[in-house]
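For clarity, chains are labelled A, B, C, D, E and F in written order, and residue numbers in each chain start from 1.
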Amino acid sequence: MSLSEEKLIGKLAMLSVLDETYTSHVDVLGWQQCIGKVGSMESNKVVAAIETAAKKNEIINGSVYRETHALYHAIMEALHGVTRGQVQLGTVLRTVGLKFSIVRGTPYEKEAEGEWIAVALYGTIGAPVKGLEHEAIGLGINHI
Amino acid sequence: MSLSEEKLIGKLAMLSVLDETYTSHVDVLGWQQCIGKVGSMESNKVVAAIETAAKKNEIINGSVYRETHALYHAIMEALHGVTRGQVQLGTVLRTVGLKFSIVRGTPYEKEAEGEWIAVALYGTIGAPVKGLEHEAIGLGINHI
Amino acid sequence: MSLSEEKLIGKLAMLSVLDETYTSHVDVLGWQQCIGKVGSMESNKVVAAIETAAKKNEIINGSVYRETHALYHAIMEALHGVTRGQVQLGTVLRTVGLKFSIVRGTPYEKEAEGEWIAVALYGTIGAPVKGLEHEAIGLGINHI
Amino acid sequence: MSLSEEKLIGKLAMLSVLDETYTSHVDVLGWQQCIGKVGSMESNKVVAAIETAAKKNEIINGSVYRETHALYHAIMEALHGVTRGQVQLGTVLRTVGLKFSIVRGTPYEKEAEGEWIAVALYGTIGAPVKGLEHEAIGLGINHI
Amino acid sequence: MSLSEEKLIGKLAMLSVLDETYTSHVDVLGWQQCIGKVGSMESNKVVAAIETAAKKNEIINGSVYRETHALYHAIMEALHGVTRGQVQLGTVLRTVGLKFSIVRGTPYEKEAEGEWIAVALYGTIGAPVKGLEHEAIGLGINHI
Amino acid sequence: MSLSEEKLIGKLAMLSVLDETYTSHVDVLGWQQCIGKVGSMESNKVVAAIETAAKKNEIINGSVYRETHALYHAIMEALHGVTRGQVQLGTVLRTVGLKFSIVRGTPYEKEAEGEWIAVALYGTIGAPVKGLEHEAIGLGINHI
C-alpha cells in the first residue's frame, strides 16, 4: 500500500482525538496538529470553530484559498460521519459536543503525493437535553 | 453525562478497530464484541459481511428481527461516515478495504437504557487500483 | 385551501393502496387509477413496474415525454418515503414488497391548475429474508 | 409474514392520520396512540411538536434516552417521506401543515420482537402562501 | 432526438447566463426569458429571488400553483448542481453570488410536449470572505 | 475577486462543452484541456470514461494519487448537477448521454493558489428510450 504504515494520517488524527496521549505520535513525524472542542446546535459554528483553530494554529494558511478549500471539504466529509444523512443539527433539533483534531502531513511514501489534511471528530450528538445523546465520529481527508 | 465515562461504546468500538490491544477493554466490561475484515466494490457485500459476523459470533440473535434491524441501521450509519455523501461504492467506481468492530453493551449508567450496539469501520476507500486510496472511518450506534 | 377537500389526490391514492375499498372514491370522481404490486431488490425494477402499469392502464401516454417525466419524478419522490435516505435497495442489502396506486386527476378547485398525478406506495422493506422487514410508505405528487 | 396481518402498525398509524375513525382500531389492540397537528416553516419545530406530544401523552418515557432515540429516528424517517430529498423546510422556502399519528405497539407475532413505534405524517407542503401547496406523506418505524 | 437541436432550452439558458449575448437566441425563438442576480448565505433568499424574478417578469403566472410548482422544482434541481450534496449555504458556512437565467419555451419537436422551464445558475460559492470561493453551476428543467 | 476575470476555469470548461469554438480560449491561456463523450446507464462507466480521458490526454498524472483524488471529487461534484439528488443512473432506471470537458489551469491571480481542475458535463438524462429525456448539466471544481 502506498499509504505508509506508520504515517496513517486518518488513524493518527482519530486516535489523537480519542486519546490525547496519541498526539505525540504526530509530533514525532514532524507533522502539524491542533486539537480543540466545539459544542453547538448550529452547524455553521462547528465549521467555523474548526476553521478558526486551523488558521490560528497555522495548520493552514488562511490567506491561501486552496488551503481553506482543502480544509473545508475535509470538515464537510467529517461532518457526514457525525450527522449520517443530513448535515444538519439545530434544524433537525439536535446538538453536538465534539472534540476535533486536525492533522497536516505526508502520509504517502512517494514524495509526489505531497501534503494531506485530516479532520477527525469525536463526541456526542443528541437532543438538546444533557444525557439524551450518543457518540458520533467523523473523518475527512483531503490533499492540500 | 449519562454516558458512563468508562463505558463509551462508540469510542471502545473505534479504538478496538484501530488498535487490537483495545479489545481487552471491551472484554473487561463483560460486553460482546467481534472484529472482522471485508474488502469489496459492492456495498451490499460490506453490509452482508458485517451482518454475518454479528450473527455467527452471536453478537445479535439473527432470528429476532428487532436485533437485525438495530444492527442494520447501525451499519448504514457507519457507512455514511465511510462514504460521505452517497452510500455507494462500485456504482461510483470506488472500492473499500475495511476492518470492522461490532460491540454490544450497556453504555449508560441508568439500567433502563438497556443494551446498545456500535459498529465501527476503519480502512481505505479509493479507486479500484492499489494505492489510489485514502483512509475512511465510520461509526453507527443504535439501541438494541 | 385551493386543494378541494373531496379531491385530495394524495390521500385518495394512499387510502386506495392501504384498503382497496377506497378505489371506488377515485372512480366516483371520474379520475383514472391503477393498482399493482412489485417486489424486488432492484430499485430499477420497482420504477419499471410502476411505469409499465401506468402506460398499460393508460394513466399516462407513454409516447409523450412530459407525461413520462411527470410520472418519473412522482415515482422518485414516493421512493424517498420508502427508502428514507438513499434511494437504494439491493445495493444496501434490502428488498421491498410494495403495492402501488397511481391516480391522475384534478385536485384543485381552479380549473387552471389542471391535471396532477399521485403515486402511493405501501408495503414492506427489509433484509432479503422473509419476516425480517417492517412497513414502508411513500407518496409522490406532480403536475402533469 | 412475521408481521401479523391485523397488527400492521405502519398501516394503522397512516390510516388513523388520514381518517380519525381508524383510531379505534389501535385502541382495540390495546396499543398506545396520540394524534396531533403542527404547521411550521421550521423543521425543528415539527420535530419538537411530535416529540412533545409523544411525551405528554406518555407514548414514550421522555426520561429514558432509548425511547427518545427510537422516536427521534422514526420522526426523521417520516420526514424523509414528507420532504423527499432534503430534510429542510424554510431554508428551501417551503412550509408544511401536518397531522401526525404516533402509535406504539407489538406488530410482530413473535413475542421476542417486542415493542415498535410508528410515526405517520400527512398534510401539505408548499410555498409559504396559502394554496400553493400539495399533499405529502411520511412514515417512520423503529423498534423501541 | 426529440429535443430540437436549435431549441435546447437548457443549453440556451446556461449560455445566456454565461454570456449575455446569447439572450438574443432565446428572443429569436419567441420564448420568454429573464436574467437576474442574487447573492446570499441564506438558501431561502436564493429561491425567493428567482421565484420573484420569474413572477415579476411574467415567465410564470404566480397565481397558478402548477406554474409555481414547476418552477420550484426546477430551482431546487439547479441548486443541487450549485451545492453538490447538501442544499445548504449559511448552515454549512458558505455563501453564493449567482447570476440566474429562467427560460420558458417549447424545446421538443412534437407539439404535445408543450412548454418547459429551465433555470440556469452560474456564479461563485465559498467561504463568507471575498476571494475564498470557486465557481458553481446548476441547471434545472421541468415541464410546465 | 481573486478569480481572474479572463481565467474563469469553470465558465471556460462549461462553454467549451456547450460550444467547441470556445476550446481555443483555453488554449490561449496555455492550459490543458480534453473533451470527450460518454453515454451509459452505469454511473461507474461515466466516471471511468472521464478518468480515462484525463489520464490518456495527460490532464492528470494517473500514477500520482493526489491528482486522481482531485479529479475524482471534481467528477463526483459534476455528477451531482447532472443527477440532482441521487448519484444514480440505471439503478433508478435512467440513462445519460454526456459530453465532458476537463480543464486544468491557474484561475486565481495569486500564484500561491496553484493549479485547479474543472470537470464540465452537458447532455441529456432520461428514460432508456430515445427522446424521453431532457438536458442536464454539472460542474465540479477542485484544487490539484
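Criterion: a contact is a pair of C-beta atoms (placed from the backbone, for glycine too) under 8 Å apart; a residue touches a chain by one contact, two chains touch by 3 or more.
Predicted model only: the values in this text are computed from it and were never measured.
K.L.:
Hop across touching chains from chain E and tell me the fewest hops that reach chain F.
P.N.:
Shortest path length, in steps: 1.
K.L.:
Among the other chains, which touch chain B and chain D together?
P.N.:
Joint contacts, listed by label: A, C.
K.L.:
Out of B-D, A-B or A-F, which pair touches the same way E-F does, with over half the contact pairs the same?
P.N.:
A-B
K.L.:
For chain C and chain D, let me know how many angstrom lie between their CA-based centres, rounded off.
P.N.:
Taking the mean C-alpha position of each chain, the two centres sit 20 Å apart.
K.L.:
Cα centroid separation between chain A and chain D, in whole Å?
P.N.:
Chain centres of chain A and chain D, defined by C-alpha means, are spaced 35 Å apart.
K.L.:
Where does chain B touch two or more other chains at once, residue-wise?
P.N.:
2, 65, 69, 76, 85-86, 88, 91, 116, 131-134 - these are the residues of chain B that touch more than one other chain.
K.L.:
Sort the chain contact graph into one of these: line, ring, star, complete or other.
P.N.:
other
K.L.:
Between which chains does touch occur?
P.N.:
Between chains, contact exists in these pairs: A-B, A-D, A-E, A-F, B-C, B-D, B-F, C-D, C-E, C-F, D-E, E-F.
K.L.:
Would you mind writing out the residues of chain D in touch with chain E in their complex?
P.N.:
85-86, 88, 90-94, 126-127, 131-134
K.L.:
Going by the contact rule set out above, which residues of chain D touch chain B in the complex?
P.N.:
For chain D paired with chain B, touching residues are 2, 61, 64-66, 69-70, 73, 108, 110, 112-114, 116, 142-143.
K.L.:
Sort out for me which residues of chain B touch chain A in the complex.
P.N.:
1-3, 8-11, 14-15, 18-19, 76-77, 80-85, 107, 116, 118, 120, 122, 124, 130-141
K.L.:
Residues of chain C touching chain F in their complex?
P.N.:
That would be residues 42-44, 47-48, 51, 65, 68-69, 72, 76, 79, 86-88, 91 of chain C.
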